[in-house]
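Once you scroll down, you'll see the structures, which are given as structure tokens.
Next come two complexes built around subunit A: one with subunit B, the other with subunit C.
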Partner chain A sequence: MSSNSTIIGAVEIGTSKITVLVAEYHSGRELAIIGCGECPSRGVTKGTISDFRAASDCTQFAIQQAEKDANERIESVFLAQTGGHLEGFSNEASVNVKAADNMIDRDDIKTVCELAKSKELPAGRMVVHHIRRPYRVDGRLVPDQPENLVGQRLEVGYWTVHGQEQRLADTIHVIRGCNLEVGELVLSSLASGHMVTTAEERQHGVLVIDIGAGTTDFVLYRDGGPHMTGVLPVGGSHLTNDLSIGLRLTENQAEKLKLRFGRALVLAKDRTDKVWLDGNYAIGDRQFPRQAIEQVTAARTWELLEAVKKKLGHAFSPETCAAGVVLTGGTAKLPAIAECAGKVFGTPVHLGEPPSWVEERLRDPGYQTALGLLYYVISSRTGSAGAARKRGGFLRGISRLFVPS
Partner chain B sequence: MNLDELPLDQRIMADRNIAIKLIGVGGAGSNAVDCLKMENLDRLQLAVVNTDHQALSSSPVQDKVLIGMSVTRGLSAGGDPELGREAAEADREKLAQLMKGCDLVFLLAGMGGGTGSGATPVVAEVAAEEGALVIAFVTMPFTCEGERRRKQAEEALRALRQVCDAVIPLSNDMLLQETGENEPLLDSFARAYDWVGRGVKSIWSMLFRTGLINLDFATLRQAFQHRGGKTLFSLGEGRGENAVAEAIQSLQLCPLLHTPEFSRKADRLLVNIVGGTDLTLDKVNLIMTSVAEQFGRESHIVMGAVVDEQLQNRVEICVIGTSDMGGRSIAPRRVVRPRAQVPASEPAAEPAAVSRSDAAGEPVQAAAAGPTRQAAAAAAAAAAAKAQQEEFGFGEVESRGSFEKTDRNLFDGQDLDVPTYLRKGIKIAI
Partner chain C sequence: MIKPSEALPATRSWREIPQHVTPRAMSPEGRRRRWMEIVRWTAAGAALVAGAWAAWQVSGTVRSDPRSPSGESAAEPIGDRITLATDGVLDRGWLVRTLALPKKATLLTLDLAELKARVLASGQVATADLIRNFPGTLSAHVSERAPVLRVMAAAADGSARPLLVARDGVVYDGVGYDPAMLRTLPWLDGVKLLREGSGFARIDGMETAADLLSRAKFEAEPRYSTWRVVSLARFKEDGDIAVRTADGLTIIFGTREDFFRQLARLDLLLDTAAKAPAGQPAVREINLSLGSQVPVAFAAAQAEPSVRAAAPAAPAFPQLHIKITP
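Take a look at the complex of A and B:
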């Protein structure tokens, strides 16, 4: 290991599995994935930790596995954040340019940003991300820094993502329990969104929906940067739960049926077409109509996508989202889900493809968040990330949570 | 008259029967009772309580109570639970009179309307004050009946759980899953009454048909003694050659068993099996094994078996399960009032008037009573059960499955953890 490189761990504590990727980061903006660890998670429901001990054990196992695989010790952890407690709002501010010659200087920019970020949060909530939308000078969009531009009025909007302090602390505690430091918290949707879209798509406007097991994270990109994000605490585990209630099965049996026969749109027309639960001719094997399985999964998928659309509200329209919708996450493997999303959103939909440099075993949609975390590291450290924000911002927040104990 | 006074009066011993009343409250409840009337279950007294004079007068049931004459002037509550509640409150005396001396009161009601939602909790409260074990079978409205009715129904259910020993909700949406494609609405509602009726009937037959292995009122009380947890209730029926297998299968599909398979474990199980003379020990054994398999092998299982000549080649199974959910229990709330003296002309309805402390101190004496042991035990169990009265935490009305213990997932006024197909009334062909 050369002296100017750090070993970074990307940790995603998901509802179905915990993924840890280890990467070596050279300050010369080069990043190599050198290890990977995974563990089916326990004690996590709908994206939030419900059983600290179980979640902690699983995470520890995954981290150890990854470190063994990489043969290196992780120095700093990038942690993905999801869960129904995360919420966002947009806040805008504008200032009149001070200088007599109407040239925007650094102070103007600082003032307008402070103003836009100054909205107070309810007690017990904490900011995870301040995502800046592009600046506007006299209503004209400025893709970069507006310093030294000439105009009367400088405007900026922020999309502020905030979450419950205790829930955020829970995940950080899990990592700290493994004797590791959390370098940064990154919203899951931002991580996976960066991974499966190109800069060009983000410029044109694209909606990324990451449907995991417990949560659905989405991010709407516009003008090259994230415009709006959101989390719905509904995911693949709800499909399983619906099946287990509808067909009266155990969770494991329902999961098996979902993976084998679930569909986002009903295809089976024949009510008598039945499928076997195990298909191994063992005693206790039962038959279920294919149609019933598809009806249950299709109803849930449709509703989930509708709910995402509803949450986006006016921010989404097929016109402002020219590059369409990209689906990723484990549940994106459900057959016909792209077709279903196409009907809901009225735009072209495709499944997220990671960049070509990603190796074969990590190309599964379920790994995009962890990969995105690493990608986010480079982008944010080299300053080219769409979500430009100061690194100190969040760390200050963390230290607030962990006053020396 | 007190059972603690020994020796016991001969007359009490002879007539120590259990008084059971089945009371339908509101329109849906009355209809259900009317349906059951045809069944002719002896020793089951039927009654209807309603605010609507017109509906009441057309009911074939003997015992009718019009409530809220002063509030609604004999008209119905018009879908307003508040009005239904007021009506019942206004006629508490009448209700108390109706349930005097009952040991077990079944309440049938449809939630969501005015009288059913509003008056039922009051009726249950009065019944409990009269010292009866209260089991309520209630139907929950179809989702298509609208948000308002659903809200009213849920509120009523919550209120009901506070005052009843057991509340067994039957979701009409579940029934939708069973209906045929072209079934008229009337038949669908009739199906709901039918299930409620079967539920009542199975408990009735458990109590009154003397079995080879008998289950009695004391056992039932005992089952409802440690509460604060959830209750399971399921019925199964099978006929013909594979009666046993069929019954076990239908046990799983009973709509009264409103929980997914993985949460169907109970600490205490009451299993009653009714069959014809062809019921063999082998069959009983088979049923018990598979029931134990399904509802919890480690549970404390109480079994009953009844032979009924009319049920040749048929098997009926009734499973009642209760379990504690540690920490969720609610402190005793209801005050136990020693039962008022019942006039001697109603000896059948004279139950035990044992106060709680007496019950604890008296088991030895009760045992000494010889032939009356059972009655005394019933009384003691009853008193103990009374003292611990509390709410049944059923989980929610809607099935949330594995998300049952997590926060509600509200979006647009709906709980997203409840299966979409149930909320939208999509019929699944099983």
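Take a look at the complex of A and C:
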């Protein structure tokens, strides 16, 4: 490891699995993924920590595995945040330009931004993200900084994502339990959305839906940036749960059937077409109608996507979302889910593909959040990695000499 | 006046969540990490302290080292601050003349390699070291060659001048030697001096001749004091070294046998000859190069006392058989 690089860990504590990626971040915004670790998740329900010890052990195991794979020690963690407690609202503000010549200066920009971000939160809520929307000068859209432009009125809007303090603290404490510092907390949908869309798509308007096991995160991009985000506490595990109840199976058996025969649209016409539970002809192996499985998974998927559409409300319309819908996350691997989403949203839908530079073993949709976490933070700010270097400085450089093998 | 930002409600960010965790609340791996971190930081601190201590020590050493530069004084002209340490006879005046430093030369502007070459240009100097001794002294440490024989050489204007020959065969113009000491050195004969640059090439066989001379000087000093000419004319062909004494005796030493034995035989023979009754012919040549069989040649006849008195004593310079080859 060179002296001017930082080892960053991207951690996604998901409902079904915990994913950790280790990246070496060089100054000059160069990022190299050097290690990967994952562990089936325990103690996490619908994206929030329900059993601290179990979640902590799993996270610790995944971190250790990733560090072993990378042969480096993580110095700072970027943590993906999801969960039903996360909510968002839009707040807009406008100011009259102060200068006599109507030229916008830094003070105007600062004032309007502070006003737009200043909405008071309910007790026990904390801001996770302030996502700025494009500025407007006298109603005219300004994609970049409006400084030195001439106009009478400056407007800006913010999408503020906030969450429950205890839930956020729980997630952070899981990482702190491993004696690692959380450098950045990023909404899962922003991370995965940044990974599977291009700048052009974001400019035209695109909706990214990340369907995980316990939650479904979505982000709507407009004018090149995030316009709205949301989290539904429903995911692939609900399909499993419905199959388990409907077909009277255990969770594990239902999960197996979902992965092998689940579909987002019903294809089977023949009611007598049956499939084996295990297919190994062992005692206890049973047959189930394929159509019934497809009906359950399709109905649930449709409901889930409808719920997303409902939550988006007027913000989404096929006209303002010219680049369509992108699906990602583990449940996006469900066959025919793109066609199903196309029917729900009335726009072209495709599955999210990571950029071509992502190596083969990390191209699975399940890794897109962790990957996007690194990509989003590094590409959008000069933040904690740089701060970590500043904090450590010379002494940190020396202490690296004493890293145990 | 209240600024707009001061009147706004403060929103709390996730960054306000305290990330401090007590070791008790950490997982075993977290505690292990914490301990390793403490060890790493302690080691880093110790390394820094050790580095600082080493730097302090080094700076102290540098400050007290007379050879280290110290600003202004190193920029001062050297003047007469030149010292010479030698194992021979050269003096400081010779060094100053040889170095011929410009008046404004400072220690830092000196080209030590070039000055060393100037010192070594004198054949009398075998090795030389020039050292800048800050704040402002140039020191020379010199080891000198010791002369073994004298040799007559023709100068550029055709006149003959005496030079000295060292043990390693180097022919040089001696400086600072006591003339009385130089007069005790025998002359070298029977060699060709070859010019090389402004001096002469080394003479072969001088090591052996020097061995003989030193052995004679220390084991048979009375005999050695009568030696006037050492000839290497037959050294290459026969390995013989011929010595002519002040009283006209020629002694031939061989190089195949130890010089000590040969000197012992010579001593015995000359003692025996000295005890011979008066009127015996004088010994003219003793050849010690043939081992225990020592041929001794006598003078043909006793010359009349008047004739003997007219005969020249030992020559101030021998009849030289040295050929100078340009």
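We adopt the following convention: the second predicted complex is superposed on the first by the 381 of 405 C-alpha atoms of A that agree within 3 Å, B and C clash if a C-alpha of one lies under 4 Å from a C-alpha of the other, contacts with A are read in each partner's own complex, and residues count from 1 in each chain.
Heads up, the rule we're going with is that contacts are C-beta pairs under 8 Å (C-beta built on N, C-alpha and C of every residue); 3 or more make two chains touch, one makes a residue touch a chain.
Not measured: the values here are computed from a predicted model.
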{"item": "Joint occupancy of subunit A by subunit B and subunit C, clash or fit", "value": "fit"}
{"item": "Which superposed partner A:Ser118 touches (first subunit B, second subunit C, both, neither)", "value": "second"}
{"item": "First, second, both or neither for A:Leu362, with subunit B first and subunit C second", "value": "neither"}
{"item": "Comparison of subunit B and subunit C by subunit A residues contacted", "value": "C"}
{"item": "Subunit B versus subunit C as contact partner of A:Asp57, first or second or both or neither", "value": "second"}
{"item": "Partner chain in contact with A:Pro233 - subunit B first, subunit C second, else both or neither", "value": "first"}
{"item": "First (subunit B), second (subunit C), both or neither touched by A:Leu249", "value": "first"}
{"item": "Which of subunit B and subunit C A:Ile34 touches, first, second, both or neither", "value": "neither"}
{"item": "A:Leu351 touches, of subunit B and subunit C: first, second, both or neither?", "value": "neither"}
{"item": "Which of subunit B and subunit C A:Thr45 touches, first, second, both or neither", "value": "first"}
{"item": "A:Gln291 touches, of subunit B and subunit C: first, second, both or neither?", "value": "first"}
{"item": "Shortest span in Å between Cα atoms of subunit B and of subunit C, once chain A is used as the common reference", "value": "23"}
{"item": "Contact footprint of subunit B on subunit A as seen in their complex", "value": "45-46, 50, 84, 232-234, 237-238, 241-242, 244-251, 271, 288-289, 291-292, 295-296, 299-300, 302-303, 307, 310"}
{"item": "Touching residues (chain side subunit C, partner subunit A) in the complex", "value": "4-5, 8-9, 11-14, 16-17, 19-21, 25-27, 29-31, 33-34, 36-37, 39-41, 43-45, 47-48"}
{"item": "Of all residues in subunit A, those that touch subunit C in their complex", "value": "56-57, 60, 63-64, 110-111, 114-115, 117-121, 125-128, 160, 163, 165, 168-169, 172-173, 176-182, 185, 395, 398-404"}
{"item": "Interface residues, subunit B side, partner subunit A - complex", "value": "252-253, 260-262, 399-403, 406-407, 409, 411-412, 416-417, 419-422, 424, 426, 428-430"}
